[in-house]
Amino acid sequence: MHWPIDLIVLTFVIFCAIGAISVKDLLGTTILFGAYSFMMCLLWAVMGAVDVAFTEASVGAGVSTVFFVAAVFRTSRRTKD
Amino acid sequence: MDILVVLFLVIGLFFFLGGAVGIIRMPDFYTRLHPAGKLDTLGIFAMVTGLAIYNLHHFSLEALLLCAKMFLIVFFVFLSSPTATHSIVDAGMRAGLRHWTKKKGKG
Amino acid sequence: MTISNNGVAKEEGNTKVTSLKSFFSFLITFILMFLSWIVLSGKFDPLLLWLGGISSFLVAYYFYDLLFPAMEPGYIKVFFRFIRYTPWLIWEIIKANFHLLYLAFHPRMKDLIDPHIITFKTNLKSDIAIATLANSITLTPGTITVTADQDGVFRVHAIDRESAEALPGTMLKKVAQVFGEEI
Amino acid sequence: MITFFLSIALGLCFLMLFALYRALFGPTVLDRLIGVNAIGSKTVVLLLLIGFLYGRVDMFVDIALAYAFLNFVAVLTASRYFHKRKGLYEESFMD
Amino acid sequence: MRFLGLIIVCLTGALLLYGTGEFPDWGDPDSPASIHLSNYYIEKALEETQVPNLVTAVLADYRGFDTMFETAVVFCAGLACFLLLRDFKEKKERFYRHTPTGVILHVKNSKKILKTGKEFEHMDKDWVPADLIIKTVCRILIPFIQIYALYVVAHGDFSPGGGFQGGVIFGSSLILLAISYDLKTLIQRVKEKVLGIFAALGVLIYVGIGAICMFMGGNFLDYAKLAPLIPGDPHHIRALGMLGVEIGVGIAVTAAMVIIYINIVSAGRHDEGR
């Protein structure tokens, strides 16, 4: 019934993933990864897996972004490749 | 009643559209924040109001509490969204990003 | 359990008054937390109500000084005045949002906008008044607060001349009236 | 009404594309941050709409609330980075 | 070399896509995954456990061991961050700030610790003054976030959520305190020792409930055997046992998240901030 939303959000997820691995700046990668998690949460919610969506929203989008930024803050922002 | 719901939702969508177009068209970072931070806030307000009205079709205590819960989201967004906007602007200022002005705007 | 840089006035000598105040702030935090628990939960099961009571007690016991650092009796008046301020603010936000919409859809947008930064000083003292004014300025489109410090100096980024000119006027008066401060 | 909600949700998905453009191709990191913030605020409403589509709003409101809060935390953390480290381009990052 | 990698990745992807052709259809009722166990769970779970949320019933009751070791993994992650990063060495350089004027003193290579009082205070190189607006707004928001997190923990039976999500939200509300003020404020409020004890205590609550079930004569984590200990309707005893387990998970996850954040952001020195 909700396949259009499903399809569109899935496309966005792929865009976010490609962006997250192709950006050179690590902070930018972190932020894009947060966007990826947001989209992923939406995708789970569209599929009806409510608990998984909640976990993704809380862990993937919130805390892991915070941890990644903290790690970037203590190391450097460049990638080697 | 349904007309009201449709009206609110369409107004909210219109605000969101304005925000999205603003994000694309504005010339620099600071001016982009204006539509992003504020039109979205009002869009959330309008859309949640519409959805809450739709939720009150079958009036009961549970529906009322659910509406209160929805407006908790609105309360939260109205507190947090301007703070996030301010924080981003402050970060840009400290990072030393120049703002776009009319005279040397071509660059 | 106090925050050192919070501006909590520690007057020596009248610890009794301080403890009474902190008890009141604990009580009000507890009531607020319990109300929000009921709104969130929506179930009136005795077990869940007990759990709600225990959780709001824990939050209020450990973090009572976050919501109200020093409870004053005047806060209730401030609350009602703040409720009266909100509709005006929302109306102002809606009115000004259409201006921003007009800007965003205008084909020659770059001729209309003229971003610049203005600075002005106010006499607001308390943290919460400054934060309210700053957030109100940010919510009213056309202007974003860049910095606001303890002395009440605001730096505001405005998107065009028109919204910059209207700035410190009515909103400052209303906010000062809500929090009972001089302009 | 359900069809109308579905079309509104599709419209929001379409608008998300603009914000996603800014998040993917934004010239600076802060532009990406704006894009992510805009995506977050749209998604809150989208989650509520999906809840109405499934007819179980009481479940989806929880996720939307958590979502609004965690979006705030993520944006605040990322911008707090610049409050502590000065400079948008750091450590000969540009060369 | 990169070209070779691309080819390999594409080949693997093509192979995987080829493999999906053999899968059962999406939502196929005759697929192997949904003929054995799922039906049992869907039919019997509500009747046996009195918990409306099926996912919680499966996670905390039918597969209780799984969740227990997940909690142990989170605890181990916190422990690993602590052991790898925590730095107990004494600092060589010290920074002091004169409060009224804001002048910063930089003391190198001295064992002597200056006296700090009303005039001078410790500070760190990375410290920036907390932003007024962010500080005030976060101060107002944090209690509401915490009550929401506790609500998520307590309502794991009825609505989505549970111990893990609630714990993460509670932990990020404490992290928000560190972001909006500074790290010292968080450490003053919630001591490091307390965090460590809580992280272990959460796992202990989980294991302890399981062990009590064993002492009462049942299997490990068989909540039905708890019925003589707790007054009330014996039908709901499984739901109550699950609630206890969720609370344990919540405590462990909260403490582990805060430990990880503190140790990462200050590189184990716990001194960012004043």
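A, B, C, D and E are the chain letters, set down in written order, and residue numbers restart from 1 in every chain.
Assume contacts are C-beta pairs under 8 Å (C-beta built on N, C-alpha and C of every residue); 3 or more make two chains touch, one makes a residue touch a chain.
Keep in mind it's a predicted model, so treat the numbers as computed, not measured.
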Distance in touch steps, counted as few as possible, from subunit B out to subunit E: 1
Chain pair showing more contacts of the two, A-D and A-E: A-D
Most centrally placed chain - per-chain CA mean versus overall CA mean: D
Farthest-lying chain, centroid of Cα atoms versus that of subunit A: C
Computed distance of Cα centres, subunit D from subunit C, in Å: 24
Rounded Å distance, subunit B centre to subunit C centre (Cα mean): 18
Inter-centroid spacing, subunit C versus subunit A (mean Cα positions, whole Å): 31
Subunit B and subunit D, separation of their C-alpha mean positions in angstrom: 11
Sequence positions of subunit C contacting 2 or more other chains: 36, 40, 42, 134-135, 145
Shared interface positions of subunit D, touching two or more other chains: 33, 35, 58-59, 62-63, 65-66, 69-70, 73, 76-77, 80-81, 83-84
Where subunit A touches two or more other chains, by residue: 50, 53-54, 58, 62-63, 66, 70, 73
For the subunit C and subunit E complex, residues of the former touching the latter: 1, 3-6, 29, 32-33, 36-37, 40-41, 43, 48, 51-52, 55-56, 58-60, 62-63, 66-67, 69, 127-128, 130-131, 134-135, 145, 148-150
Contact set on subunit E toward subunit A in their complex: 53, 55-56, 160-162, 164-165, 168-169, 171-172, 175, 257, 260-261, 264-265, 267
Residues of subunit E touching subunit B in the complex: 131, 133-134, 137-138, 140-141, 144
Subunit C-facing residues of subunit B, complex: 14-15, 18-19, 21-22, 25-28, 30-31, 33-35, 37-39, 41-42, 45, 62, 65-66, 68-69, 72, 78-79, 81-83, 85-86, 89-90, 93, 99-102, 105
Complex contact set, residues of subunit A against subunit D: 1-2, 4-5, 8-9, 12, 15-16, 19, 25, 27-28, 30-32, 34-35, 38-39, 41-42, 45-46, 48, 50, 53-54, 57-58, 61-63, 65-66, 69-70, 72-73, 76-78
